[in-house]
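Letters A, B and C name the chains as they come in the text, with residue numbers starting at 1 for each one.
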Amino acid sequence: MDFILEPLNLVTFFPLVGVLLLLLLKNEQKKIARWVALVTALVTFGISLWVLSMFDASNPGLQFMIEEDWIQVAGWKIKYALGMDGISILLVLLTTFLTPIAILSTWKAIDEKVRDFQLFFLLLEMGMLGVFLAQDLFLFYVFWEFTLVPMYFLIGIWGGEKRMYAAIKFFLYTMAGSILMLLAILWLGIRQGTFFLPELIAKGGIPADVQFWLFLAFAAAFAIKVPMWPLHSWLPDAHVQAPTAGSVILAGVLLKMGTYGFVRFNLPLFPEAAVQLAPTMALLAVIGILYGAAVSYSQTDVKKLVAYSSVSHLGFVILGIFALNEQGIAGGILQMVNHGISTGALFLLIGFIYERRHTRDFDQFGGLWKVVPVYAVITLIVSLSSMGLPGLNGFVGEFAILLGAWGAGTAGGPLGTPLFAAFAAAGVILAAVYILFMFQKMFLGPITVEENKNIKDLNWRELLVIVPLLVFIFWIGLYPKPFFDLIGPSVSHLVEMLPTAVSTVLH
Amino acid sequence: MVDYLAILPEIALLVLAAILLLVDIRLKEEGKDTLNWIALFGLVITFVLTILLAQPGEEEVIWGGMLRHDWMAFVFRLVFIAGAAFTVVFSRGWEAIGDRGEFYGLLVLSTLGMTLMGAAGDLVMLLLAIETASIPLYIMAGFSTKDGKSAEAGFKYLLFGAMTSAVMMYGFSLLFGFGGTTDIYALADAIAAGNVPTLPLMTSIILVLVGFGFKISMFPFHFWSPDVYEGAPTPVTGFLSTASKAAGFAVLVRVMLVAFPSVTVEWQTLLAILSAITMTVGNLVALRQTNIKRMLAYSSIGHAGYILMGVAAASSLGVISVVYYIAAYLLTNLAAFGFVAIYYKQTGSDEIEDYAGFSRRSPGLAFAMLFTFLSLGGIPPLGGFFGKLLVFSAAIQADMVWLAVVGVLNAVIALYYYLTVIKFVYLRRQEGDEVPFPVAKSQSLAIIICVLGVTFLGVIMAPMFELAQKVASSFF
Amino acid sequence: MIPLSNYLIVAAGLFSIGLYAVLARKNAIMILMGIELMLNAVNINLVAFWRYLTPENVSGQVFAAMVFVVAAAEVAVGIALIMTVYRRRDTVSADEINLMKW
């Protein structure tokens, strides 16, 4: 019993309670199914807040550690290990925070097979939480792969017209990367004698050339998930076809599993390879930033635009991580959260308008400001946050990342040249261009399409969905200190493990 | 006394076969489905008896070295008997099969042959066991004489099987001649002592591999399996693809590890290459199939490639991975062919397209099917995943990372066609998919057992892992 | 005395002829006969090895006897299966028995 009541077990597996309840229902009992899912998600959020209240921000190590032997035979040491530190806590909170919001957003949008939808959604939440908390490579992999299945169905059953294509592409693409990671995990587990992450990190001693390959194998899985240029082609399809709630979770949390993986595994496990490959990763990140921004600009489908903008934004996160210094990594982690909130909000807003007009084409809109002022104002705020306007959350993360990249770009730093930071900064400007372009097309000017004259503004439920996100957009934008305080100690602990990086920071 | 207790399962199977044939004569036409129950209970009782009374003890060598009474033999016995029991369940009500006493008799006799294959420690015994297992299978594959495809399947299976086993026997004769003994354990000593010149030794290893390769449908001896799998009555196909294949692997593992340890490096490399080709060919061709039985046939060639990886590792972990993989594969593939059988009986179609909307007709069955195919695809936390994991680990441990990489790429290809089936079951619709789908109770129970077993193997690995370790300990 | 190698060469030749028949012949009966030739080659090998190398041990003879048994069983089942196919298709040519692609 004590084992079940461990805080982290409770957070991770509480959604299963909802799943079990849902299994007792029928698909026709739509209302009850929605409420069960919502309440479960809210309670999970509550539990995660309770965990947060007990979290000791000054401690850089893993907290609430659960360590049980799982498989211990014939030289196999696999543990059931969950733990939380400053790197994962915000992502856990983001997950538990976005899930109820996403569920609430489906109240009207999902009307077919409601029970199954909520069931997959809660399973997905469980999988994601497990990914962020697992401290054993094997366990991590199990959760990591597990998330694919519910997402496959969310896209495949409730998605748009080309949903099957998108679902299968999503599944295979991510599977292809992660199975390479599996090989690397097995190599580590067999050669190092354990799958337990802290033990592996403490042991170290992997020769640099081997580190190089292992780094690449892990990076393959994470880069596809992020997705980094040039492995991003599954993302626009998945986003465009996914139902709104699916997009929110996909952009908000699932993609962060990739960037999180880089921080959690690639840096501490393969420090030398990380330093060696940092410029390459940064280069890909910067290409991603510019490419994502450029392609966003040429889209006519709003959802696709936001999808490509994710490629751009996550490029920033990767750049921050591979600056290999405190500002960069902390900024990267905060930016993961920011992107989750802003892009999640954007997808929700697109979903709202789609429910009314059943189109996402720019040409079908124009002049919406006069018809739906509340909706327009909220969209403006979220868009500004997404493009990084000072005072809103996006700015804080991007600024820290650019500072970090600049610092790493000084002579002798891991990136070697400040050009990365410079080009990334240009990406910020491009972001302003495509986002304002989108806003202008949709909301300003005269009303060109007749149907747009009678659109209703946001109702109470929709406001309830979107306002919590706005709160965080302002909070992080104006007073990010509590967030950085949570991240800080763990990140500096991590940076200390990167031998070369430390010396450059001190210079 | 130990001698008799050790072959208790075989005795029980023989008695069961005799009972089935005798009862068949006495039964009237209407009461023939009693045979199904008799066969099922007989096999279940044998299974229990094996666990209770026929566990390996101190004495390993029995019947003058003809048989071995070790964990390998024990575990594989259970695999075969379980496979036969599930096959009996899925044969229930199958046209021209479900009510035929001789069908069940042949099934049980074939199982008897397989249990002996798992235990054989002597070339003569091995030969007899292989043929005892195979000949009934030829007949079973061609059992639906009214169905042209089935007759053709039996015919092709026989010709190919007889040919490869003749080649294998020629290899046996050379081994006997140059090694001077038929005992495979003594053979190892003769080879280690250098009594056998290299050329005849390598030749006979390759000749022997032809026969084994046929049983496990290894490249280039896999051509028969798609046709036979497609043509044979589906319950028989399920049996062929699991128990028969497992028997082939049992023999392969024992002979390779016991008789030829002094030339491990050579056959290891050979098997590694064959493993890579086998799985690649199987998976690539499976991509293009539209008939679900053919697709599963090619997929099972792919799985043979994965299992071969474990054999090629020639290590303790390798044997563990083979045993674990086979256990998981047995349950998943039996369930997979179970669905195909149930679906065919209801709709008369084996085309993947016709599975559209299945999830609406029978949500429970479709859910089980999802589990099964995900396990075949190697998604955690299911048994198939852990099997693959062990196989890859064995390859990595044996310094064959390239093979593991090939395996991994294949796993992705395989996932694609498994997802295609799931796509039809879950995401597509067709007319008339609101009509509920009736399933016999015994069959849904069998499928539930399979699915639970697969999940168990994926979540709580320790028991099966320890068992597999015991198997490995009889070789290392 | 005739050396062992002569027997082995005869057996190898017989085996090759049998294998050729199996691979090249179209008629199912002929294929079965080819398989029989291969098995006979096995038997020549077994008996020759036994007589020359291990005459004190009966295992070679037993082995050969078992091969007879196997051969007989395979032919019996084989002919029966060919009969069923023949009844349905009016042919015993392996080429024409192709409801399914190989």
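Convention: a contact is a pair of C-beta atoms (placed from the backbone, for glycine too) under 8 Å apart; a residue touches a chain by one contact, two chains touch by 3 or more.
Since the model is a prediction, treat every value here as computed from it, not as a measurement.
Ranked by how close its mean Cα position lies to the mean of all protein Cα atoms, the top chain is B. More C-beta pairs touch across the B-C interface than across any other pair of chains. Chain geometry summary: the mean Cα position of subunit A and that of subunit C are 66 Å apart. In this assembly, the C-alpha centroid of subunit B lies 26 Å from the C-alpha centroid of subunit C. Centre to centre, using the average C-alpha position, subunit A and subunit B are separated by 43 Å. Against subunit A, in their complex, subunit B makes its touches with residues 316-317, 320, 374, 379-381, 385, 389, 392-393, 396-397, 401, 404-405, 408-409, 411-412, 415-416, 419-420, 423, 426-428, 461-462, 465-466, 469. Remark: subunit B residues 123-124, 127-128, 131, 135, 138-139, 142, 145, 148-149, 151-156, 158-159, 162-163, 165-167, 169-170, 172-174, 176-177, 180-182, 223, 226-227, 230-231 touch subunit C in the complex. Those residues of subunit C that touch subunit B in the shared complex are 8, 11, 15, 18-19, 22, 28, 31-32, 34-35, 38-39, 41-42, 45-46, 48-49, 53-54, 57, 59-60, 62-63, 66-67, 69-70, 73-74, 77-78, 80-82, 84-85, 87-89, 94, 97-102. Partner subunit B is touched in their complex by these residues of subunit A: 71-76, 141-142, 145-146, 148-149, 152-153, 156-157, 163-164, 167-168, 171-172, 175-176, 179-180, 182-183, 186-187, 189-190.
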